[in-house]
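The two complexes that follow have subunit A in common; it is paired with subunit B in the first and with subunit C in the second.
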Partner chain A sequence: MMRKYTPWMLMLFFLAPILLITLLAFSGSWVYPSILPSFDSDRWMEFLGSSSLGIKPFLISTVLAVLVSLLSASIGFFTSYLLTGKARNWLLWLCLIPFCTAPVILAANFQYFFILLHLSASTVGVIIAQLFIGVPYTFLLFSTYWNEEQLTMDTAAKTLGATPFTRLLRVHFPAAKSLFTIAVIQLFLFSWFEYGMTQYIGVGQLKTLTVEVFKYTQEGNTTVAALASLLLILPPFIAILVIRKVRIAHA
Partner chain B sequence: MTRTLAKALFILFVVIPSFLGLSYALGVSFGLIGLGNGAPSFTLSHWEVMFSEGRLMKSIGYTILLAASAIAGAALIALGLLSPLLKRMPGNTLPWFYFVPLGIPPIVAAFFTFSALANTGLLSRIAVKLGMIPDASSFPILINDELGIGVWLTHVMLAFPFFLILFLSSAKTQEVHRLRETASSLGASSAYILRKVIRPIVIRKNAPLLIIWFIFVLGTYEIPLLLGGQKIRPVALVIIDKMRGYSLATIPEGYAMSAFYAVFIMALSFLLVKLISRRYDA
Partner chain C sequence: MLEIKNISKQFGDAFVLKGIDLCCAEGQTLSVLGASGCGKTTLLKSIAGLIPMETGSVLFNGQDLTNVEPEKRGIVYLSQEPSLFPHMSAFDNVAFGLKVRKEDASSIEKKVTEMLQSLGLWEHRTKKPNELSGGQKQRVAFGRALVITPKVVLLDEPFGSLDAGTRSEMQAFYLELAKMYKMTALFITHDLKEALVTGDQFARMEQGQLTLFSSLEAFAEDPTSGVKEEINFWNNLKNDAQ
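Let's turn to the complex of A and B:
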């Protein structure tokens, strides 16, 4: 009996955060102990209209995520070409270190050099700092790409006289396109969701959506935090709705 | 030429940030880099303080316990749901709602936990409406509590949907239902099937990803910052607190701890590479 309802209960559980956050985002107040908050659409208009709230952090987060994802995917793909060499395991290890370290601690360790280079509290600084995780991540993702088949292809192109750069651009890039797209999407989400590093390197000057959500939640400003959260989860949610069904196994 | 450029970019974006950062942290922690007006002089005192001060060691122990228990909790829930879901899943596709939790960042998950489980949160309101508790103060403290229950729940909530998709995918790819049928017709009990058939396929095969998730939780920052208590805090928070402290004396302790953490992560990553490459070669 219970088993029959498992998928439905899961659906409710998985959608609960979005449902509660949407309810709170459109509410004026949520007085204890009423379960549902009172509806207030003015709050929403106020939020979107105001320049310091809403749309501005949304745009900052978008630009940051687009730049970081495209740059790290490109640099990561280009450098992963080194995996055709012998030092495979060492290179993978070197990439796992920044990928595994907590971003905020990574940022704290090299913050000194960022201050020296005047990169602290700047957008460029935050982009560079996020590249320090994005590039190794792409490198790791492409470690499965450089298999025997691709290496044979590389040798074939080499024998035909293609330079390394042509091989990368004309032989490998078209073959790796779908993996590249996955890298861009995941890195977009990484940058879009990142808080610790952005806050540390940006010193609170770069107000992304995550920084705003944190600020409002800590202030106890539930409805505004819910609005900012909704803006943060809406793009991935829409993407999931568009994709609808995902194949998870190859039988 | 291309290789040289690739090497240069690799060094610039991968090697320099972690090693320069680590060298600086080591330098400050051993007193070789002076802070403020202090002259550099070698000292072991900051490391001694780190190892002798109970708070820091407690924090390391707590973080490992938190990460391990969150991963174990999430994996157990996902494993428990595997059989009922596999029975109701004829094809190889998953409906969209399974992927919704993957689009929720830690900070929003923390905000959700806060709105749902705080004293004046949704669950407390429902409990009052149902007459289970008289008012908000009778609701158990789950947010900013000393044990970090809210932090743990948020991590389980974030990890379990991911594990579920991962396990379902492995089970489908390896056609677990057929193996199960064969094992059961040969007389294996369901506990035996779980131990000898399902566990090796879904858990051991996905071990590298489980370890990566464990490492992520070790570095947890924004979730305990919002939901954690004050007494025991995870490593990342303690390090940042020490580094940002106004006292110049505690800053090197923060760097000592961060260097310790970095070396620990390096060793763990090394283990991970070994594990992955063994799989890759196989």
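Let's turn to the complex of A and C:
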């Protein structure tokens, strides 16, 4: 009996917050003793119609997350391939440092240099700051990819006449496509939900969707916060579907 | 002709290769017999330019290849594992070297088709490596190497990971292929029978030193080759049975 209902209960457990957010996003007022809130389309139209409320932060977050994820995955993949020997071991060690500190502490350390370089309060500054987490992560991830099998494949391609660039492009990159896709998705989600570092380096000037959701929540603007949250959870859903597809294709 | 002169290689304080000299005539296979850890793989990788040498030179028909990059040497290295590219079909794997050389599409199509037919793999051309058997994978690896008509093929125990039956089949297949493509090859193995079957010339490697034999008879006569021991073993077995 219990076994039969467990999947449903789990599904309800995970879906309940999303259902509540959806309900709040479409609600006007919700006063006792009403069981359901009244539907208010005005604030919904206002949210979608106003570029500063939802759509603009959504676009900023999308551009930021796409750039951070693609740049991090590419730099991490190429450096993990090109660096060998002692340099690689040193970098592997250095790459652990960002994960020993919280992103916001890392940002606090960077801020002095970012102000000097006029990168503070800019999109480029936030991208560079996020790369300091993203690149070490992908470097560590892809370092495990270059095992004996991959190196033997590289040797084979080399003696067949392929240059390092050709080997990366035609041999290794297609072979590592699944891992690369998963790395990109994970980094996209990291950048998408990043708050502390973005706020610190962006000095409140860079209004990403995550930053805005926090702001709306603090303001007690429940409907707008719920609407923005709905947009915020859209990419993770798509990411789950893509990861599932990649895993099925890889199996 | 492939000429190797005075190759030495050191890892830390240990000399893995100690002034190796060898010659292999064009279209011939030099079988090098040696136990694990005697420096066979290091020798092949040095010849291919995959690892730097302390001293020595690599010449092919008088042309010095010592300082030529491995990509441009025209010396193909085949290891125990076929190392096929997993995302490519058998056809694309064989075509790889030709595509890298930017040959035109019709020429690639013709050469790869001919190669796959001669390897008996035409019906498997669309299969990915994970759909091929161990022997078929190794055939594709041979095809991928030979289609670019390399100067020399270096074979590092290429049948080492195959079962006994497939290994025998592949040895016979190698002989056919070597004859058909007039392959100049260095075939490294620790299997005496394999060395005898595949080689035109014979050498033995021990502790970083190589002994080249002038003929099969000279190789068989040498007490370190193990040929006599092998003959004695089978003779004793025959006598015991009688």
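FYI, the second predicted complex is superposed on the first by the 216 of 251 C-alpha atoms of A that agree within 3 Å, B and C clash if a C-alpha of one lies under 4 Å from a C-alpha of the other, contacts with A are read in each partner's own complex, and residues count from 1 in each chain.
The definition used in the following text is that a residue touches a chain if its C-beta (ideal position, glycine included) is under 8 Å from a C-beta of that chain, and two chains touch if they have at least 3 such contacts.
Nothing here was measured: the structure is a model prediction, and the numbers come from that model.
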* Which holds for A:Leu59: it touches subunit B only (first), subunit C only (second), both, or neither? -> neither
* When the two structures are overlaid on chain A, which partner does A:Ala175 contact: first (subunit B), second (subunit C), both, or neither? -> second
* **subunit A residues touched by each partner, larger count belonging to subunit B or subunit C** => B
* Asked: For A:Thr163, is the partner it touches subunit B (first), subunit C (second), both, or none of the two (neither)?
  -> both
* Looking at the overlay, does A:Thr155 come into contact with subunit B only (first), subunit C only (second), both, or neither? -> second
* Using the superposition on A, tell me which residues of subunit A are in contact with subunit B and, in the other complex, with subunit C. => 163
* Asked: Within the complex, which stretch of subunit A touches subunit B?
  -> 2-3, 6-7, 10-11, 14-18, 20-21, 24, 32-35, 75, 78-79, 81-82, 85, 88-89, 91-98, 100-106, 108-110, 112-113, 131-132, 135-136, 139, 163-165, 168, 189, 192-193, 195-196, 200, 210, 213-214, 217-218, 222, 225-226, 229, 232-233, 236-237, 239-241, 243-251
* Asked: So in the complex, which bits of subunit C are touching subunit A?
  -> 48, 50, 70-79, 81, 83, 85-88, 96-97, 99-101, 141, 144-145, 148
* Asked: In the complex formed with subunit C, which residues of subunit A make contact?
  -> 149, 152-153, 155-163, 166, 170-171, 174-175, 177
* **Touching residues (chain side subunit B, partner subunit A) in the complex** => 1-3, 5-7, 9-10, 13-15, 17-18, 20-22, 24-25, 81, 84-85, 87-88, 92-112, 114-116, 120, 122, 124-126, 128-129, 135-136, 161, 165, 168-169, 172-173, 175, 212, 215-216, 218-222, 225-226, 235-236, 239-240, 243, 254-255, 258, 261-262, 265-266, 268-270, 272-273, 276-277
